[in-house]
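Each chain carries a letter (A, B, C and D) given by its place in the written order, and its residues are counted from 1.
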Amino acid sequence: MRLFKTLLAVMAAAVAVSCLGAGMAFAQNEQFIPRLVYRTGPYAPNGIPFADGYADYLDMIDARVGGVGGVKITYEECETGYNNDKGVECYERLKNKGPTGASLVDPLSTGITYALIERATADKIPVVSMGYGRADASDGAVFPYVFTLPATYWAQADALIKYVGEQMGGLEKLKDKKIGLVYIDIAYGKEPIATLEKLSQKYGYTFLKYPVSAPGIEQSATWLQIRQQRPDWLFMWGWGVMNSTAIKGAASVGYPMDHFIGVWWSGSEPDVVPAGTAAVGYKSGTFHAAGQDYGAIKDILKYVYDKNGGHTTRDKVGEVLYNRGVINAIYDLEAIRTAQGKFGKKPLKGEEVQWGYEHLDITAQRITELGSDGLMVPIALSCDNHEGNGKVRIQQWDGQHWKFVSDWIQPDRAMLTEMYKESALSYAKEKGITPRDCAKVM
Amino acid sequence: MRRIGEPILTADQITLAFGGITALNGISIEIRRHEILAIIGPNGAGKTSMLNVINGFYHPQAGTITWKGETRRRMRPYYAAAAGISRTFQNVALFRGMTTLDNVMTGRLLRMHRNFLWQAIYFGPAEREELAHRAYAERIIDFLEIQAIRKTPVGRLPYGLQKRVELGRALAMEPELLLLDEPMAGMNVEEKEDMCRFILDINDEFGTTIALIEHDMGVVMDISDRVVVLDYGRKIADGPPDEVRASPEVIAAYLGEPHQREDHAAPQHTAAAQRG
Amino acid sequence: MLYREVGQFKASYAADQAIFPIRQDRWLMLGALAVAYFVIPATGSEYWLLTIMVPFLVYALAALGLNLLTGYAGQVSLGTGGFMAVGAFATYKLTTVFPGLNIVLALVLAGIIAALVGVLFGFPSLRIKGFYLAVATLASQFFLIWMFNKFPWFYNYSASGVISAPPRALFGQIYVTGAEADPRAKYLFVLTVVVLLALAAKGLVRGRIGRAWMAIRDMDVAAEIIGIRPLRTKLLAFALSSFYCGIAGAMWAFIYTSAVEASAFEIDRSFQILFMIIIGGLGSILGSFLGAGFIVLLPIFLDNAPRLAGLELPVNLVTNLQTMIFGALIIFFLIIEPNGLARLWVIGKEKLRLWPFPH
Amino acid sequence: MWDNPEFVLEVVIGGLLSGIMYSLVALGFVLIFKASGVFNFAQGTMVLFAALTFVGLIERGLPIWMAFVIAVVVMILLAVAVERLMLRSLVNQEQIILFMATIGLAFFLDGFGQLVWGGDVHPLDIGIPKAPLIIGGVLVNEFDLVAAIVAGSLVAALALFFQRTAIGRALRAVADDHQAAQSVGIPLPTIWVIVWSVAGVVGLVAGIMWGSNLGVQFSLSLVALKALPVLMLGGFTSVPGAIVGGLIVGVGEKLAEVFWGPAFGGAIEDWFAYALALVFLLFRPQGLFGERIIERV
């Protein structure tokens, strides 16, 4: 009989799930943000600091000024484990919470972004894929509810090439040089290939591809090839354990670290620390600064950590991915603030926040107000430009900290916009979407 | 009324060796229509090997097998089955996960022809076919008096019953030639008597030709029309029971050879076979 | 005596071979179907329909497919994910190359393609057995995923190799794929496909083919000697199993997540589905569903349990605890009933049959 | 390919060295399967768990040797727990059931490990040099070399353990047949505890070697996938098989990746390892060194 009871118990458990989905009561003057995070599983080392940064910033805002325009910001984290179907489950679970439902969603994974684009568009909830997701979604005419600010993988690829050119004293010097790309062989890793191939025709360098099969724990073959072909510069689109392994791999074949540049998802503490001294000199792209000496970050320490709050330990505040979480939060809140300017200081619906994002304009002056001078650069979005012309900067690991080694680089917008349009239109065609006419959208 | 006819199976000069050991050494046997042939001999004489060669489980190095006028070097098990040769095993080889009924029904597989699409739809042709064969299977179940265990997974049955179910499965194939490998091994007296009755009835009612291996001399002499004696892979006698019983060679082969069985621990054997 | 069979006499073999020979079971089944078709669509929220029921059904279908191969024919396979991927990408190519193609037809064709691939990768099963075969099927798993990831033709040269389902309708206007599709339409479509295929599976396993499979599973040597051709039988199992998995994969990509990359069907998926049939019960149609329920619903439940109880725990703590409890429960259930939940169900019924009397 | 012999040599050496790393993981599987017929899906997680414990202790300021000793003790306790709470109640179950149980164990350890030690990445440096070593134009990675030596000595130790000690012989007996085990006079539970402990320690070593390469983090449990083709190839029941299999797989996949990979767009080594093993299996269905599967009627 005991075993029969246990069976019943499981059945009951399954049934109990049914009462989910219906969100619970929320106070009325709140703006709810669903937080898709991954604090466990293979990518946790990168997921944790990001989630902490975002959460700490919201806590700080609520503590300092009691929310945005007097509207308290609430959030609930949901563990995706960087797993697409789990991400969808989280989105569906949280999208109706709060008085106005989810104001926006940060999928925090290229895969989940792809899975959410259509759902969220149908639900009129903005998908904010900050520096990840599908690049062509920058074309707001076809993807009204997807935002790729401040820069896409394609933009970054172009920026890296510009940087390399600069280092060699002029892009024309790239001719007949060899540039390699080490990438994790999944959707995310393949994003920059098209751009780098296009540019290779333009500048006449040879483009070498080195796919690493996920999760990238075994790369010796790749590095033997690299040692053999000796590309002059090496880019990396990696994630999680692949990054540190690759840096070790580069060291093991004596590849010059300062010619090895990672995407901004391959340029944070969890990527370099495990590699130890091998990682010194390794570079990566980024769209914001690391470190604690910026107003916003100081405020977090002041209003959250000094009051024994905070999601992590003081010393981890200011890590690259932590600050990236903060930046993400800043963008989201600024969009909400912008929307409040039009729709009033009240909890807003997703489509209202979408308007806010489309009219988001973070000026240098505004950045100062935010206490983020040097932490980030101005961006301005519009109906047909959901990327906002963000800039890219190169940072280098000195064994202790990430230091900038370049100025802010503006990618070749003309070319990119062209590429976005082309790709977006083919998507629209496949899906039977008729693009908005942004001239008519005010 | 049955009467023994012309040979339906002729094994000619069969030689079979594993590595160094010669299991069968140029043995020739013929099995005549409607007869009950007993193959006897001390342990390791090559009796089971002989059956395995006949229904294609082993492939002899030399010799031929002629089945109903068709001569071939080697049989394939499913060809033998299709051609009407079925058998039981020394250590029961039932499908332990299935019920008695299903085991008997597997005997009908060769005669069921609906393809998987019909099967998937089930209702209609497939069901009609199923029921027709179910009816036949039930006849056999009645015949072997195993109605009570129809729906019991055979794994749970006592050894004696398992042997009976296995016989049922073999019968369900409506074989022309039935090979029985120690059908009475590990049975008590009543079970043996039942089994003897079944064998005789099968031979009688269905006119099935039967070749069986048995150790129990009493049984052998009672039920068989003809006896073949093997010893160390050679045939040392072939003829009516009384004749064979008198043959000095046979007596020599059996002298000092106590009247023993090969399977005290049948279940383990079965288990072993399962693993195989 | 809720569950008495007394007085239910079977007049014919037909009645005896019915799917549910016992009246109570028939009622139970009809009840379940009624709930599935009327109550759930009427009451279920979008969350409940799209992120719990649909994946549950899709998983159940895949588990069903694997159960045909592993539970009935005894060929342990870890290639399920690969075959699901075949179904998904085949459907994608079919629907994009022939936009006019009816979605149902597309699914069937995709299933057939998956079946062919399954046959191809089934050949080693003639020689390789048990865990060796299981690991061998991983070759197909890794190869297929690699292939769909590597050759842009499969995903129409999109930059990232992600395929996203074009909207397709049934009877002209009822959309079942794409984001605009009504959750209920999606759910009912999946439900119908699964129910039909489950019935077909039942038909297969209770007849000639099912017995041939089980014979091979229980003792291939003896099976051969009663006239079963091992290779043919095993390959048929691989084909039909892959057909089911293929359709499951297609529905996963088109109806559940509506955008996938090859890695959505990577090895973990295959393992997950193997877990389902072992926990649910090898060689049991019902088991496939119970197993899918266990593996899909339980984690979601454990995930939400603390919040339902009003506790605000950090997500990583919840997730880790969830994983631990989940693992512990797997072991627990195996210990109380190694033959899976389906067997527990049967035992439960036997208890009910006697209830309230001890014996 | 042949136009550049020392590069080929380099790849081969690289392959051999990674192969050894695979063997390290495969060993754990073999030990348990050999003695108890259990295909231990949790081996990968045990590698992670052991490494996490080890590095966690070091981070709490323990000297390496002490951390190692304690980690070993922990793995032994784990083995005892597994036997008491899991195996004991599943004696004589079919292999696939035991396999499933170890999956449950894997889930449990995944959660438990992260619960105790957190999901962060823990850098692990036990002072093995990582600089490239160029011998006659051929690159050999010092670290891999050390790893190879460690693996080699570990195998030697195991071999001795199996050949020389009474327990070892008992284990071999069990492997052959469980009845025999009783006659040896060592109760089955004890034997299980022993093999699981040994497998745990092997896992610890593997975890340390891999961990000081990847950093100790969740992904460490995925190295198990690299061990499976090795098992297929070497046979689930053979210690030397695990080694030879590892080497063959290592060399095979590296050569394939480096020389044929580019033709197919690369990243073929994962499935190639399995395909390679598959080809071997078609000729020896029980693996190179596995015990013959006898079919009898």
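As a convention for this text, a contact is a pair of C-beta atoms (placed from the backbone, for glycine too) under 8 Å apart; a residue touches a chain by one contact, two chains touch by 3 or more.
In this text the structure is predicted, and so the values were computed from the model without any measurement.
J.: Could you tell me which chain's Cα centre is nearest to the average position of every protein Cα atom shown?
T.: When every chain is reduced to its C-alpha mean, the one closest to the whole-protein mean is C.
J.: Sort the other chains by how far their Cα centres are from that of chain B and give me the top one.
T.: Result for max centroid distance from chain B is chain A.
J.: When A-D is set beside A-C, which has more C-beta pairs in contact?
T.: Output for the comparison: A-C.
J.: Where the centres are mean C-alpha positions, what is the separation of chain A from chain C, in Å?
T.: Computed value for the inter-centroid distance: 35 Å.
J.: Taking the mean of the CA coordinates per chain, how far is chain B from chain C in Å?
T.: 41
J.: Averaged over CA atoms, how far is the centre of chain C from the centre of chain D? Could you give it in whole Å?
T.: 32
J.: Give me the residue numbers in chain B that touch at least two other chains, ranges are fine.
T.: In chain B, the residues touching two or more other chains are 57, 89, 93, 273, 276.
J.: Mind pulling the chain D residues that touch 2 or more other chains?
T.: 114, 119, 265, 267, 270, 293, 295, 297
J.: In chain C, which residues are in touch with two or more of the other chains?
T.: 146, 149-150, 221-222, 225, 316, 319-320, 323
J.: Going by the contact rule set out above, which residues of chain B touch chain C in the complex?
T.: 55, 57, 77-78, 80-82, 86-87, 89, 93-98, 102, 105-107, 109-110, 112, 114, 116, 119-123, 126-127, 129-131, 134-135, 138, 169-170, 173, 273-274, 276
J.: In the complex formed with chain D, which residues of chain C make contact?
T.: 76, 124, 127-132, 135-136, 138-139, 142-143, 146, 149-151, 221-222, 225, 267, 271, 275, 278-279, 282, 316-317, 319-331, 334-335, 338
J.: Can you tell me which positions in chain C touch chain A when the two form their complex?
T.: Touch residues, chain C against chain A: 44-48, 50-52, 55, 96, 146, 149-150, 156, 158-162, 164, 166-167, 178-180, 256-261, 263-264, 266, 293-294, 297-298, 300-301, 303-305, 308, 314-316, 318-320, 323, 332-333, 336-337, 341, 344-345, 347-348, 351.
J.: Considering only the defined contacts, which chain D positions touch chain C in the complex?
T.: Touching chain C from chain D are residues 39, 85-86, 89-90, 93-97, 99-101, 103-112, 114-115, 119, 225, 228-229, 231-232, 236, 264-265, 267-268, 270-271, 274-275, 277-278, 281-282, 285-287, 293, 295, 297.
J.: Name, in rising order, each residue of chain A that touches chain C in their complex.
T.: Per the stated touch rule, the residues are 1-4, 6-7, 10, 13-14, 16-22, 37, 39-40, 44, 48, 77-79, 81, 84-85, 88-89, 92-93, 96, 110-111, 114-115, 117-119, 121-122, 134-136, 185-188, 190-191, 193-194, 213-214, 423, 427, 430-432.
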